[in-house]
């Protein structure tokens, strides 16, 4: 029950915040049970098909997807990424456009994940 | 079930503060004991905002039994007197720390 | 549940991601850290991303709080400060430009700090 | 009366972007020729937001004759194809500069 | 008609932005016809009675009020500070709580001041 | 109305108040400045507040655009860059840590730049 949680609230690229959250999530997953919640503009982090091209950015949704896949392949790794359904709906985003491995969560589930977290970083 | 303390620092109308207010309501609905500390620009939520101005915000939390604490330093800095707030309590830094580290409290923030 | 220590010996970790002059975040970190130390708690500050700019030297702030003075004072009072090392490298900040007592660190050390803390507070943009 | 070009970079739901959308409507009501360029997170206003989702935002500008241009670079970076937008035009950096420096245009931004 | 304009959109102190806008407004007023618009959270900049105490901040609303008074005393100075009525009303702020010298403006006037500006800085 | 020059010789001034790694603002400034220069326009960048951090040297950015490289390239292509002098002092940034071609300036010079420009664009937080 007592897990570490990272909250993603902002869209990727426009601010560094989502990229920073992702960097911390990946590091946390290697060390402890980690959960992430993507809500409000944070849901855009999981949008598949991002194309940084020669911008210098890494592809953030692909990095998230790879972290989830790597974790599934490692029995000791405990990582869950929840995407807030209400935020998707408000933005007219179909869950089908998200990278694989993320889980949907409603208001109630989001609040429960937060309340169960022993500590939370907010991005 | 432990108590939850939400620390809010963003402007009341920002997505970040609105999300924190919404989360406080949901946690309260889940029958958890929820308190809120307002810091920085978030203290503006405690002045002049009746329910009519902000139906989803702070004003609905106080009547539901959510304790709302407002950083006195940040209120007076912005030109508001500590006695301007209805249903919320103005607190100094020491009291904010006491709230944050209280036993059985999970502190999350700043939103 | 982890055992809770007596109220007088909690550990507060502040994760600071805002620049020293972005607004009130550095002041908030300094004020809360000072109040916590005054109450006998342990305080750690981990500066990340643009937060590392706060721990350079030579600031001459006018009309707004001098972050260097505030952070230096906290370190003198026993606050523990670590800075995200890769964030320093990204920004070209070298060790000799840093406030004494504010040392480059790593994500691994951050999560060790977080695990050892009772309260974790993020102060970002 | 010169044309007005508003450059918007903030997230569509932010106070900053909402203010710019509102300003565009008011300028349009004043019978000025208004265009909008969406950059950075503001490009998200051009994807998936029907009038039902955002009655006061971008979706109401296009039908009123406000030209809306969307930065192609920032759209594709975020995983959206240029053809996903209804009523708006995706543009490259060169075209954005042309719009900004066009004769008789007053460019204001970024909101 | 062709004036320089500064837009204030954020609350003072929480971010540096309002203080920066004010610094630029005062400098601009010494060099050209300058107008400022306070709207959204920017209206809080003009709230009287700010008390920085020993925080290290200057009193921003007092600084604004003094700049307006100094300008009235100087016939060559052209400075107008408009406060958006709608933003005050939304925040339940009475115009009586504002420092002296500012002028109220409605949506239409705000849009006109902006459209008439030759160039605008946004804070 | 001031006389408008031919479309091919406008002056664009970018007022940059965001840190180089706050997000996309520095990249936007660089991309638009580059496009403007390519089209034959003059470009000035005035960095203010946290924007001055973008014009220091030694950045080692990974996974996000390197602002130093971008700004250095712009200066090489003829972009004119000025930095708010008091903002540098506030932050303890000394001349020797600055990108060559990015010089400390003043509010007076900023408003001279603004008066001489056809388009003024703010890129802030």
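First chain written, first letter: the chains are A, B, C, D, E and F, and each begins at residue 1.
Criterion: contacts are C-beta pairs under 8 Å (C-beta built on N, C-alpha and C of every residue); 3 or more make two chains touch, one makes a residue touch a chain.
Worth saying up front: this structure is predicted, and the values here are computed from it rather than measured.
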{"item": "For chain F, the least number of touch steps when starting out from chain C", "value": "1"}
{"item": "Interchain contact steps from chain C to chain D (minimum; 1 if touching)", "value": "2"}
{"item": "Chain whose mean Cα position lies farthest from chain D", "value": "C"}
{"item": "Cα superposition of chain A on its sequence copy chain E - rotation in ° rounded to nearest 5", "value": "180"}
{"item": "Chain whose Cα centroid lies at the greatest distance from that of chain E", "value": "A"}
{"item": "Distance between chain centroids, defined by C-alpha means - chain A, chain F (Å)", "value": "34"}
{"item": "Centroid spacing, where centroids are CA-atom means, of chain E and chain F in whole angstrom", "value": "25"}
{"item": "Chain F residues counted as touching two or more neighbouring chains", "value": "21-24, 49-50, 61, 64, 119-120, 122, 124-125"}
{"item": "Shared interface positions of chain E, touching two or more other chains", "value": "13-17, 40-41, 55, 57, 118, 120, 122"}
{"item": "Residue list for chain D, restricted to those that touch at least two other chains", "value": "9, 11, 13, 15, 40-41, 73-74, 109-110"}
{"item": "Arrangement of touching chains [line / ring / star / complete / other]", "value": "other"}
{"item": "Chains touching one another, given as label pairs in label order", "value": "A-B, A-C, A-D, A-F, B-C, B-D, B-E, C-E, C-F, D-E, D-F, E-F"}
{"item": "Chain F-facing residues of chain A, complex", "value": "13-17, 19, 55-58"}
{"item": "Residue ranges of chain E in contact with chain D within the complex", "value": "9, 39-41, 107-108, 110-112, 114-115, 117-118, 120, 122"}
{"item": "Interface residues, chain F side, partner chain E - complex", "value": "1-2, 15, 17, 48-50, 107-108, 110-111, 114-115, 117, 119-120, 122, 124-125"}
{"item": "Residues on chain C engaged by chain F in the complex (per definition of touch)", "value": "19-22, 49-50, 53, 56-62, 64, 68, 86, 89-94, 97, 125"}
{"item": "Chain A residues touching chain C - in the complex, by the definition given at the top", "value": "2, 4, 15-17, 20, 23-24, 27-28, 31-32, 118-123"}
